[in-house]
Amino acid sequence: MANALRRLSKCGVAGFLPQVFSRHGPRTLPHLVCQQRNNSTSSKIKVDLDPSTGVAVMRMQSPPVNSLNLDLLTEFTTTLEKLEMDKGCRGVIITSSLPKIFSAGLDILEMYQTSPEHCGEFWRAVQEMWLKLYGSKLTTIAAINGSSPAGGCLLSISCDYRVMADNPRYSIGLNETLLGIVAPYWFKDTMANTVGHRTTELALALGRLYSAPEALKIGLVDELVPEDQVVTTAAQTMGKWLAIDENARQVTKAMMRKPTIDKLLSNREADVNNFVSFITQASVQKSLGMYLKMLKNRKG
Amino acid sequence: MANALRRLSKCGVAGFLPQVFSRHGPRTLPHLVCQQRNNSTSSKIKVDLDPSTGVAVMRMQSPPVNSLNLDLLTEFTTTLEKLEMDKGCRGVIITSSLPKIFSAGLDILEMYQTSPEHCGEFWRAVQEMWLKLYGSKLTTIAAINGSSPAGGCLLSISCDYRVMADNPRYSIGLNETLLGIVAPYWFKDTMANTVGHRTTELALALGRLYSAPEALKIGLVDELVPEDQVVTTAAQTMGKWLAIDENARQVTKAMMRKPTIDKLLSNREADVNNFVSFITQASVQKSLGMYLKMLKNRKG
Amino acid sequence: MANALRRLSKCGVAGFLPQVFSRHGPRTLPHLVCQQRNNSTSSKIKVDLDPSTGVAVMRMQSPPVNSLNLDLLTEFTTTLEKLEMDKGCRGVIITSSLPKIFSAGLDILEMYQTSPEHCGEFWRAVQEMWLKLYGSKLTTIAAINGSSPAGGCLLSISCDYRVMADNPRYSIGLNETLLGIVAPYWFKDTMANTVGHRTTELALALGRLYSAPEALKIGLVDELVPEDQVVTTAAQTMGKWLAIDENARQVTKAMMRKPTIDKLLSNREADVNNFVSFITQASVQKSLGMYLKMLKNRKG
């Protein structure tokens, strides 16, 4: 517990979600809260660990759409690692503090007109994030309170459980082919482990984005709830997971996911090279350019 | 046929289920019946082979809940081996002669406060049972006429087909984590081969027990029928399976299941060692002790 | 484009399906059509490539039931290879020009009372067809306008998408065990990639043929439409697939299917030997003979 409190002050935890855990722990812990990180300009993730429940909430707060750029990915991985090592933390809820969007996925600007070296560095950060999240010994629940395409979908399906806002205008899916790029095999494996081979094949080929109700139907998310209850429901579900024997749950999770993780671990550099040589092709760069232009026009 | 009759007298077959096979064979075969085994105090399984159909019924009869202890597992495997070698036997229906329970699963007393050697011996018997049943060339149908948690579920999903009593109070599932223990990878593989990766992941993590209707919905069982028709329905289904060319069906079954079986065959001792070192941990022993205490209090 | 036209005249394309592509391209292209192949007595497949859309239709026309004999298989593979190399072709719709039947599957006469050498040659042709079709970089859509058992089912599930005539009298499935033979592991893998392990296990063991509505329910086909709209619907669906970035779609497809294809590629001759030694068994030949007799009697 002392350890948990020490970490708390380190991670910079704000009591920003008292309503969620009000039944589980102290309503406010003003003396525990330090705003350091949240006030830091570099912080793209707000972390709130409730020491009474052992549940942290990681809230992505990188406007306008929580694009997974190198900084956000690195902070995500570091934050998760810290929580993993924190004996006071047993579960993490991942959500967004932005309206209507969970995460728009990998930041195209990291791979458009950048050097092969930068693309490689970026891709290693994507790998690292997935390896840590998919293999986390913590219970991880995605509270998907907005759209979640591409890398946002990967992030979601790498968690243990997914609660999504019941709003048909929010969509989720690995839509990489729509941008002229390709979800690598470990994105594919993660999705196939969630919805099966055939649905994944169709989804990836066509770059399909599923509305929240469609996503529930195919099993891409586990539960739909009204938008304002996404995080509270995630917290309630977390309670059920944390009631399970910790050791048995962790060993079981590792057993389920190790083969998929090992496939990447034994081929990380080959996967980086594949990505870099694919993404730096002139034709692919052109597709990305067109996509960026389209996004710009849409906003305008 | 002569062979079949010889085996019949050996196995100790009682005509205890004439109504099942009345359309297929002689109603009673009093001169064939020998009660030796059934009357033997050591017999935990009642075997009834109908020579006219080639279908045997294995009825577990080890009160109070058909716990899979070393004796029952060994007798199960031996019985199945004998039926496999019996040219007069082509299919086996596995059921329980006890009310409300198919099998309560692995007997915790075999792994609680026993020596590592005993735990190892016990685990080899569990492996042996699964290897024989999942890889049986016979058509195997589980007639699940009661609850079937943990090892009882494994036994069920290792068969070719599952008929369960349509009673929402009966449940089935690999609930090992609820006891603080872990279903090993070959339990997991068997379940994933039945209901897919994601459902298995959720089920094992949370130690979920599914009511009969829920089990049907996720495909953990194939069919629900009124309780008094479980074995008769299994026998009717068996008729359809036995109508298929024997050689083609066996080769097909081996093709479907060999990869899963080979995974254990090539790592049996490592799996035994894993089990023994896991189960003999002080914390795991404590969990088992608490579970046993809870069971005791519930009865009291 | 010049290349496309050159290939067109080579393949012998007839504008036999103007209604399908009327919205996409010129209604008729009489100057492009050459009837060479279609008029050739050896042609068992009618090919129609619309240069304006890049979509070819391959129509099997081998009465009475499009049995996949050595000739049809070889022509199928050659045709697909030519279309693959044709830069003007991006997608293929595979259908039948015969009423009520898509394809009756592998021709039993190629394996009944023929030499081991012939059986081996035949099996290599089956492998070749599957390797080319399942691994095709083209978008492949099966327009299943009639029954599609055994090899006809394999052909269907090797495509990217399946549209079937909404007629409960049409059936589809890998029913090999009904004939006393066995669908090899790569048929099994293809089906498991489509409908999952458990459904495949049940289907193969029992040699199940699914009516069109049942096939839709288990995901063996993707869509049912009235019989006269099967090919037009396939063409509309093709439009959606061709709207996806070509490179990204091809890389994604290869990623999804390569592991399954590699399993056969690394063991082709062993698979041929397995097939030959199985099919030339006296008991299997007897089963095939009985099946042929039954077919004959049914017609008589």
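To keep things simple, chains are lettered A, B and C as they appear, and every chain counts its residues starting from 1.
Here is the rule we use: a contact is a pair of C-beta atoms (placed from the backbone, for glycine too) under 8 Å apart; a residue touches a chain by one contact, two chains touch by 3 or more.
Since we're looking at a predicted model, the values are computed, not measured.
*Asks:* With over half of the numbers shared counting as same, classify the chain A/chain B interface as same or different.
*Replies:* The interface is built from different residue numbers on each side, given that under half of them are used by both copies.
*Asks:* Superposing the C-alpha atoms of chain A on chain C takes a rotation of how many degrees, nearest 5?
*Replies:* 120
*Asks:* So the centre of each chain is just the mean of its C-alpha atoms; given that, what is the distance between chain A and chain B in Å?
*Replies:* 41
*Asks:* What are the residue numbers in chain C that touch two or more other chains?
*Replies:* 196
*Asks:* Going by the contact rule at the top, pick out the chain C residues touching chain B in the complex.
*Replies:* 176-185, 188, 196-198, 200-202, 204-207, 278, 283-284, 287
*Asks:* Looking at the complex, which residues from chain B come into contact with chain C?
*Replies:* Within the complex, chain B contacts chain C at residues 160-161, 192-196, 219, 222, 240-241, 244-245, 247-249, 251-253, 255-256.
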